[in-house]
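What follows is a set of structures to go through.
One chain, chain A, appears in both complexes that follow, with chain B as partner in the first and chain C in the second.
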Partner chain A sequence: MSDWYRDFANSGIGSTITKQFGLPRPVRLRRYTPGQPLLDGPALVGSAGDGRLRAEVESVLKEDGVTVLSPVTADGERGTKVAAVVLDATGVTTPADLAAAHDFLAPAVKRLGTNGRVVVLGEVPGEAPSPALAAARQALDGLVRSLAKELRAGATANLVYVPSGAEASVPGPLRFFLSGRSAYVDGQTVTLSAADVPSADGGATPLAGKVAVVTGAARGIGASIAEVLGRDGAHVVAVDVPAAGQALAEVANRIGGTALQLDITAPDAAARLVEHVVERHGGVDVVVHNAGITRDKLLVNMDAARWNSVLAVNLQAQLDMTQALLDAPGALKDGARVVAVSSQSGIAGNRGQTNYSASKAGVIGMVRSWAAKFASRGATINAVAPGFIVTEMTAKMPFGTREVGARLNSLQQGGLPVDVAEAIAWLAQPASAGVNGQVLRVCGQNLLGA
Partner chain B sequence: MSDWYRDFANSGIGSTITKQFGLPRPVRLRRYTPGQPLLDGPALVGSAGDGRLRAEVESVLKEDGVTVLSPVTADGERGTKVAAVVLDATGVTTPADLAAAHDFLAPAVKRLGTNGRVVVLGEVPGEAPSPALAAARQALDGLVRSLAKELRAGATANLVYVPSGAEASVPGPLRFFLSGRSAYVDGQTVTLSAADVPSADGGATPLAGKVAVVTGAARGIGASIAEVLGRDGAHVVAVDVPAAGQALAEVANRIGGTALQLDITAPDAAARLVEHVVERHGGVDVVVHNAGITRDKLLVNMDAARWNSVLAVNLQAQLDMTQALLDAPGALKDGARVVAVSSQSGIAGNRGQTNYSASKAGVIGMVRSWAAKFASRGATINAVAPGFIVTEMTAKMPFGTREVGARLNSLQQGGLPVDVAEAIAWLAQPASAGVNGQVLRVCGQNLLGA
Partner chain C sequence: MTRKAAIVGGNRIPFARSNKKYARASNQDMLTATIDGLVARHGLAGEQVGEVVAGAVLKHARDFNLTREAVLGSQLSPATPAYDVQQACGTGLEAAVLVANKIALGQIESGIAGGTDTTSDAPLAVNDDLRKVLIAANAAKTLPDRLKLLSRIRPGQLVPDQPRNVEPRTGLSMGEHAAITAKEWEISREAQDELAVASHHHLAAAYDRGFFDDLVTPFLGLTRDDNLRPDSTVEKLSTLKPVFGKGEGATMTAANSTPLTDGASAVLLASDEWAAEHKLPVWAHLVDAQTAAVDYVHGGEGLLMAPAYAMPVMLARNGLTLQDFDLYEIHEAFASTVLSTMKAWEDPGFCKEKLGLDAPLGPIDRSKLNVNGSSLAAGHPFAATGGRIVASLAKMLHEAGPGKRGLISICAAGGQGVVAILES
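Now for the complex of A and B:
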């Protein structure tokens, strides 16, 4: 799973060669480890117009021990590298106001170091009372996506839309996008909603005391999700088919969790899952619908079996299990978190994957549709859409296809299973109460899109 | 402007070489010319579940002289090539129902000829009363985007979401996606709305009697828009800066229109435009905000002048002119059509174009925000987002960059200005009353996306 090209590009001779020929020079991304500080350096914080979130941003940073610098600095400070740039753009009310965003960002981004972070906070375009306001807010999306494509050396830029009344929802997402947890999330937009957010973020074990179900947990991304949820304090119920029993048991043992052998497409699967979590654990706090299969063929050559099996595992099972958990008293705890694994293919489509893309688009339709009902229970349901993630499956791809696929993103490298797992673990946190009905791509700003 | 590679790939030796090396083999797209039949062959029409639109689809096709074939055919018919495949998927209510979509599409698409068309009609996911229904509807999006990536030889696949009550809005969009007018629109989704749609479609001159303003009309895409609107029967007021006066006059003369020299960023520009259309033409029916500039630089090197000029021309001027036309009595006629030119960069972002992307994303925010107000006047406002369009500007790009850029889409070729113009002319038609607040990419399903 090592990234030989990245290691090569960062070696002495490799550095010379890649510079000489203008080849991609991916850096080793700063990924989260417990105890890691939020940032490895100071943060530049500014606002465009009269932003209402700047004080909140500065308080989060200071709470986490980050030195906050102002945009206008003494001469001596001007050259200091910064670990993050945060712009409160909630004060932008016209396209002309965007000049202030430019004026702050252009010199600030110049000071951004390796694996730096840019986070822009704006108001929601769809809620704007005038077209000029909606335009100015939507413009931030174009700005941030372009900026993310300009940043180098592992730096990312993301946009958080904060509706009026959702101020309390900001700290969790802000910490995520600044931290190493979001290493492979780049060029993305998340829209928050108002929610009851606990004031404590749980420190190193934000999922302490929580019970989490992860399907497809025996290997690959699923095993990584189980491990990260376990690391963050959850008791994990690792689910996979009986045929993967040995690998599943190993994952569960490694993290002190429970293994549950279950074919999620069996007629009694949802009932058995409900029974297990209610009787053994008194209900479940976190559900990660990760199990999925591919049965690729061009549509013209695809038989009904390929079509139906992919839709059954990747979509119908998610619907059935979620519905059963919602229906059974005590099964899904108040404040529960459901995270469904979608895919970049569910957004952009992919040649040879009409069935897979349909199922993964379906997952997006599902979480958007369920979001309001979940919110009424203090719960959330979201999707993550992985891009090119380096797994055993991609290791089997032809060399050229794999290497090109891994570079077609702003970070110039494939993601790791842990990158998907970190995004899911973040969505599973109590502090993510204000993130609901969202689709978060974990793709390094992959070029492929809708 | 000729596509040498496409011509090469279709030549004797070029065909051999491109097949041998697996190189792209783009075909000459079937583009609209007046008098051209809707389709060059029969259409296969089917439904998944109890679709409510099939009769409407068949009636449109028959009205335009297209032979409609059923999916289940006599042996003799089984091998017939078809020019189009239309699936009414409004009857899909569960993920399992999607099997019927597969069962119809797989053999049907196998019979699709060169420059064929696939159009899928579905219900709107956001309006679904249950998550399973929302999932099944959204799945169509993944299916169609993947299928569009599988089709070859100039064939396209697009999806039209039709809410309940918007049945009368279907014929215009259906004709567009089947016709040569949509040659470079591929893998896209349009959501219709209920509207008063005239029953007559106007034949070869759907814009007869209409007055259309086109900004930036002196050259490139703007000149092509003016020409196509003129061809479709409109009297065109061609607007451009005084410095482009000569070229502007030539365009206006060629199509029997009027030239109006105007710097759209001047303080009195909106007032002068209003005065011109009211006094000279008694109001305007169609407004195309096409004028735009680029001032590319990485954000860290971008000065305020570059930022501000791009935002002023590409976004603020569109807002100001539209507002002035809305405010002045009699300026914007009932049933008016406003089409704003956005860009793929406004959706996906682009390196070196933070200013341009911000402005073009802003345009998207603008049309979405204004859609409801326009609907209340029987009018519409939409955006088109061109991808890689072959113009004088792209001709100046380095050879390699240009050739790669032109192939990074499902049709394996750059679009032409006329492709953007045809999409705009379609949105300008009275028959497009049910298309409002939409962003239509004209990009051959370019890989680059959000």
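Now for the complex of A and C:
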């Protein structure tokens, strides 16, 4: 779908006008395509305090062919644009140490090019033995969120908390936040955990040999998720209600997957899904709970049918199917990845969506609660919360509401279904073993609930 | 050394009443969509299957290589060979038998059998007199000759020939033929209406319990057969006026006869090895099949009674009686056809004189008959009915467990019939 305003803002006259009037100036985001280099330019890597991850960061970058500049050499090359700035802030121990973060970031961010990336690595505040230490670590969160709001031209800033022992979990998330896969993920914090992470990242097909179930796959974001998982090498079992079967078959055939017509709220739905994945595929590696419906009304006007149907599809079905897959021997393979689609409304709330927001907040509770059990099986469960994503649904919104909704974020544009799909496909990778129980917003740092 | 072909899946589009949802869909459109749904369900995109065999009863001249064209437009590998068959309403089942036989002989490892028919997008032929003039004009060597020939065209010749649902040799419609048979076998109006109502109720219940979730793929916005009337009752049906047969004894109405319908179906068959390689559960095997034909023109037999003749031949070959089956699928061309056929099998005189049997074949347990509905409710796109029945019955037998037997009986125009045995 075209973004007429973005195209206007990037035209000759549009550029002048938007500059003159201080209007939003969204750019065309750098999105991932197979074969794309991790970064289109060099990366500046620095530390604040005595960090422990700098060597790890530099080796990931070098492995992917990225030229690494340090602040010292950077002085000699003032003016060269950089594609990314990575700060190892795991050495920050007092609020005073944060000055070092500022000292590094200020000149570095000035050199950040279009669609640049800022990634800050820190220690987990919750694990700090003293208030001052916790304060210093937590401060990074505020720093990154604000920096994300200051960045322009498609640049993003995200924070990765790395507890000690989880060093091996860093490469996957670091690559994600630097790459075009995270084009619409901005101002977010992800906390890693220690896990068995495979050394190889799988290259162009990180999901080769994997079987992935995607619910709600006939259209919109679900179809995009199916396509991206298929592109990354997975055999996709595309699930949707029988009535959506024609579109579902088209999606499945386009990606060489399988179509499974199933009403996920049917009493035997979970059992049928389990039987299907065991019998036809010998188990499943990736489950994406994407199917969702809206039945909007103000709470006082909402009837039981609206309330119940939304909770049944968006939350109860996710719980039932996940539980059934956990219980059935051989259904959920070792190292499985479950990704539940939540929503910005589940975090920030939305007028007219008490049922929807309840279901989507419930999804967050679900993944957090299940994380430990999944970790014990070498598996993970996470949620992705999309913000304003341009779909057939948003196309039907009134012009004004849609245009304002699309601009109220740090990237000044709506996201695309593929942005949500890329985040999910990343969480589905073996290299994301250290990301568990997390809620990742794909919202361009939307102002709502930020 | 032969082996039995496995039925591993099926797909059809919902059947639509004539000139409704599929009014603008061609035979090829429907068959292609049906194959694509089958491909998606079984993860066969880009794969080559041994052979695709399908047909249509009402064909346009452009449909000369219909099945191959549908394959080329589908997601199957273009290296998949295909051919057309046509045996009137027996087309779909006959296609399945042909595929199964090649699998049994080891000539192919997998195949798709199907059928498609549209009564909406029906072919209109140029009036035969006009056609002859046009051909002659085309062959003429000089312009004056050509003009002379063309001047012979008369307004009456511009009316196209429409395909008619009649037997060429009797001029009677199939319904009129069936009405004669119904009268002969004294099939009551009430019995026909009861069968029709049961068909609707069974089909609706099957949809509601999700039975068709892996047998049907929606098409052009239609998600269920639009002929289905879940709230049908004998009382409601009893108010309808007869449409076939004449006078007092006429019993056949629009409700206990199948309507003209558009649709397509396909069945995936394979060797057990191929099914295992593709991790596809075997629903049932096609054990045997038999065709028969009767002389309805001069021989005094009913047009649609041929399955009655095919049945004892197949049963004897397999050492089975008519009662040795767990499920029966008798195509409901007309309710009266089903009832006449069953009555004939129970009739000692018919079985002795016409079938040459010492004892009648006997009754069929009605609780095992068409348990998920049949053509009266779903509709009957001629060539698509066989595929609908084969896939549904195979799935029902699979659900019932191993070793269950199912019987199929389908009548066809031209006084023909096809019967088959499936076993899980």
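In the analysis below, the second predicted complex is superposed on the first by the 446 of 450 C-alpha atoms of A that agree within 3 Å, B and C clash if a C-alpha of one lies under 4 Å from a C-alpha of the other, contacts with A are read in each partner's own complex, and residues count from 1 in each chain.
The criterion applied here is as follows: a residue touches a chain if its C-beta (ideal position, glycine included) is under 8 Å from a C-beta of that chain, and two chains touch if they have at least 3 such contacts.
On a predicted model such as this, the values are computed, not experimentally measured, just so you know.
Undergrad: Taking the superposition as given, does A:G209 touch the first partner, chain B, the second, chain C, both, or neither?
TA: Neither partner.
Undergrad: If you stack the two complexes on chain A, which partner ends up touching A:L262: first (chain B), second (chain C), both, or neither?
TA: In the superposition, A:L262 touches chain C alone.
Undergrad: Based on the superposed arrangement, let me know which partner A:A243 touches: chain B (first), chain C (second), both, or neither?
TA: After superposition on chain A, A:A243 lies in contact with chain C alone.
Undergrad: Scan A:G165 for contacts with chain B and chain C and give back first, second, both or neither.
TA: After superposing on A, A:G165 lies clear of both chain B and chain C.
Undergrad: Once chain A of both complexes is superposed, is A:P37 in touch with chain B (first), chain C (second), both, or neither?
TA: Neither: A:P37 stays clear of chain B and chain C.
Undergrad: Which partner reaches more residues of chain A, chain B or chain C?
TA: Partner with more touched residues of chain A: B.
Undergrad: Who does A:S357 touch here: chain B (first), chain C (second), both, or neither?
TA: It touches chain B, and chain C stays clear.
Undergrad: Let me test your reading of the model: by the given contact rule, A:G330 touches which partner, first (chain B), second (chain C), both or neither?
TA: So A:G330 meets neither chain B nor chain C here.
Undergrad: Report the residues of chain A in contact with chain C in the complex, numbered from low to high.
TA: Counting only chain A, the residues touching chain C are 235, 238, 242-246, 248-250, 252-263, 266, 268, 272, 279-282.
Undergrad: What part of chain C is in contact with chain A in the complex they form?
TA: 33, 36-37, 39-43, 45-46, 75, 210, 212-214, 216-220, 223, 279-281
Undergrad: Taking the complex as given, what residues does chain B use to touch chain A?
TA: 95-96, 98-99, 102-103, 105-107, 109-110, 125-126, 128, 130-150, 187, 298-302, 304, 307-308, 311-312, 315-316, 319, 322-323, 345-366, 368-370, 447-450
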